[in-house]
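What follows is one structure encoded as structure tokens, with my remarks underneath.
In order of appearance the chains are A, B and C, and numbering begins at 1 in each one.
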Amino acid sequence: MARSVNTQRKALNTAVAWAIGLLIFFPILWTILTSFKTEGQAISDPPVLFMFDWTLENYSVVLERSNYARFLWNSIFIAVGSTILGIIIAVPAAWSMAFVPSHRTKDILLWMLSTKMLPAVGVLYPIYLLFIKMGILDSRVGLVIVLMLINLPIIIWMLYTYFKEIPGEILEAARMDGASLKEEVLYVLTPMAIPGIASTVLLNIILAWNEAFWTLNLTAAKAAPLTAFIASYSSPEGLFFAKLSAASTMAIAPILILGWFSQKQLVRGLTFGAVK
Amino acid sequence: MATKASRSAARLMMAPAVILLLGWMLVPLTMTLWFSFRKYLPLRGGDLGWAGFDNYTRFVTSSAFWPSVMATLTVVGGVLIITVCLGVLLAILLDQPMWGQGVVRILVIAPFFVMPTVSALVWKNMFMDPTNGLFAHLFKFFGAEPIAWLSQASMPSIIMIVSWQWLPFATLILLTAIQSLDSEQLEASEIDGAPPLKRFWFIILPHLGRAITVVILIQTIFLLSIFAEIFVTTGGAFGTKTLTYLIFQRVLESQNIGLGSAGGVYAIILANIVAIFLMRIVGKNLDN
Amino acid sequence: MGRITLDKVTKSFGETQVIPPLDLTIEDGEFTVFVGPSGCGKSTLLRLIAGLEDITSGQIRIDGNDATNVPPAKRGLAMVFQSYALYPHMSVRKNIAFPLRMAKLDKAAQDAKIEAAAAALNLTDYLDRKPGQLSGGQRQRVAIGRAIVREPSAFLFDEPLSNLDAALRVGMRMEISELHKKLATTMVYVTHDQVEAMTMADKIVVLRAGHIEQVGSPLELYKAPRNLFVAGFIGSPKMNLIDGPEAAKHDAHTIGVRPEHIAVSASEGIWSGKVGVTEHLGSDTFLHVHGTGLGEMITVRAGGEVDFKYGDTIYLTPRADVIHRFGTDGLRIA
């Protein structure tokens, strides 16, 4: 596209876009800034944007709460665990559908997608009951299983679209070269699909990290991740703005950074290839 | 196209995923369906026998039902209108040449990565708190009386919070769609003398048609089941009790499983109606 | 050893039969080319031999052993694909080593074979590059190198030159022929380009809609095409096929005359016509002539120096001893 745009126009675009961008980003920025204020400054009127006494006190207070580390560890365990488990189950399935398609492949893919649309609240009690029966209510393992299941369709779909881009001839070449099925998937397909697998992993860690229905309803003291930790600030601790901000910043920072890396893949992952 | 050996290998490799998802779908669904026909109160006597369609009629005739439908429609509709309209405008803006495009994109997308409980709580306390919130400061600065957002204007507040979370999603998808528009097509229309507004109306908007549909359908499915935002802010009070939240209360708070399950079946049917349309679009895309 | 026998082999995809019962023997050490228009089943046939597709019925034997249900890796064949199918994440060395690694060969033996193959294919300087950094011709050579190190009983080529530009294609054609002479291993080569078939093959198999139309050496096919399809397919420019009264004069439904078997004259001949487009190649001139009473346009190969202009009247005389005669069923009349 070789369009010459005059500098004035470009400057105007830049100004408007930056203003809107900052406006949308402002709540996050405000949270991060507030986390460095004292409680007094956090609620001062008029509010201060940058000119305050920066302090790390809030972070140390939040971190000193004996259980913070456990919430964090639960979040990491659940997000990473459910994603890895999902990938292990999804890679073979996506291989099958991408390279050995049958007339049923399309139906299976759509059906898998349809399970993603099942409203969680519709099956809340059965899952709750099953978890009690199996003794995995308020356990990390239980959440890993549930989050793996709700994200499995997305993982399979993303991998499927990535695998589709790999020419089948290369896998056939491996077969001719004497590779077994396992060797074909392990030495040829997986290394070639590494970028796709990486973005799938990234997106699913984000989705699992932020999941806030099952993590709130299936956990209590033991397995609760950061979503539940933050929800516990609902009242009255939430009125300590600076500490709330510090806790929030720690809960969202890792995922914000991961998210920025995966923004391109987000579209592919969340629209099931319907928008390219 | 493959050999028998690879086809049976394929079936074997697909089996775990298919079996898991089948179980995940069928087992709880069957249980919900079963409970919905039982009078089942775990804290007040347990399973009290067959209830026929009692739960279904009681669910829709309860005084909370229609308000919850209205609340659901208001949230979903409000958020959709805001995110789609602003999303289109933002996508077009972000597609223009500018300095620091990448950074602006990141700023705009960021809210999507904030966990729902965090965004709900940050908005509730730091912005909408009637005494110490930023909005209250702002109102006072202009000499207006601060309002208690989440009780006096509960619906608009929820819609605002949820829209903030979903605007990035809509923008990102619409931006992707705009960028796939053939720039020669735009240049041709420019040479043909179409003014910017006409170019938007006759070329860009039709091109975005499918992306907008996809955004609407996917968001609807997610918005129908928003939970944490209400759980953390109003707890379902002040007219913000959506269908999802009502069912949640029936099931976990009042432990009326039969009634809640009947509500769950309604929710599943509702979600499926939307899902069918989405699947059609996705399915068509699979063919080519 | 590499003698491949197909015995009443068929292949169906669902309801549609793409290969009707087919018998064919490829002798050890022979360079066999499958040629035909696109969709004729030649690639499918190659994939059946490779084992990448199951045959629906019949039997495939390699060196007399039933290979019908043997997986591709165990058939002792190597294949060069149209897209080269190199492993993009591996260096050239690793690509060539892959089949050896799969065969669990020890490192020293691997290296010796790789070095030998690289030297033979002029790839020594490129061993540490990735396929993405190579030209089309080099990639092609890597694909061949990967096939050579397996020391297969037969090589299978699936349109290996169709992604190369014209000049490179001629060069690679020679290299593959050269390789065949050196290794004396069976090669089965699929192409839609009859020039490749004519120049490289010991034996050409002409296919149409899964049927074998004719099997023979290039010259046999050129001199005695068994039917109209082979007559029209082999030879460039195409054989002129003439029906009607002119054919009847030779007791045939259709007669075929190759462009190089027609003498031109400005003054006398059996047929007359008007010159249409003339193509000067320097060494030859192709004249496209609208013959009077001949129906189709006639293509004639004349010497490089003939000088006819558009619209000139011209006289043509076919060489009587090389007129091909075909009956109403399209088959050659001996």
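The working rule: a contact is a pair of C-beta atoms (placed from the backbone, for glycine too) under 8 Å apart; a residue touches a chain by one contact, two chains touch by 3 or more.
Bear in mind that the values here come from a model prediction, so they are computed numbers and not experimental data.
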Pair with more cross-chain C-beta pairs in contact, given A-C and B-C: A-C
Chain closest to the assembly centre - both centres taken as Cα means: A
Distance between chain A and chain B based on Cα centroids, please, to the nearest Å. 16
Using mean CA coordinates as chain centres, what's the gap between chain A and chain C in Å? 54
Please compute the C-alpha centroid of chain B, do the same for chain C, then give the distance between them in whole Å. 59
What are the residues of chain C that contact at least two other chains? 52, 71
Chain B: positions in contact with at least two other chains: 2
In the complex, chain B touches chain A at residues 2, 6-7, 9-11, 13-14, 16-18, 20-21, 24-25, 27-29, 31-32, 35, 90, 93-94, 96-101, 103-119, 121-127, 129, 132, 134, 137, 140-141, 164, 167-169, 172-173, 176-177, 180, 183, 187, 210-211, 214, 218, 221, 224-225, 227-228, 231-232, 244, 247-248, 251-252, 257, 260-261, 264-265, 267-268, 270-272, 274-275, 278-279, 281-283, 285-287
In the complex, go through chain C and note every residue touching chain B. 13, 51-54, 71
Looking at the complex, which residues from chain B come into contact with chain C? 1-5
What residues on chain A touch chain C, complex-wise? 167, 169-170, 172-180, 183, 187-188, 191-192, 194
Residues on chain C engaged by chain A in the complex (per definition of touch): 50, 52, 71-73, 77-79, 81-83, 85-89, 98-99, 102-103, 146, 150
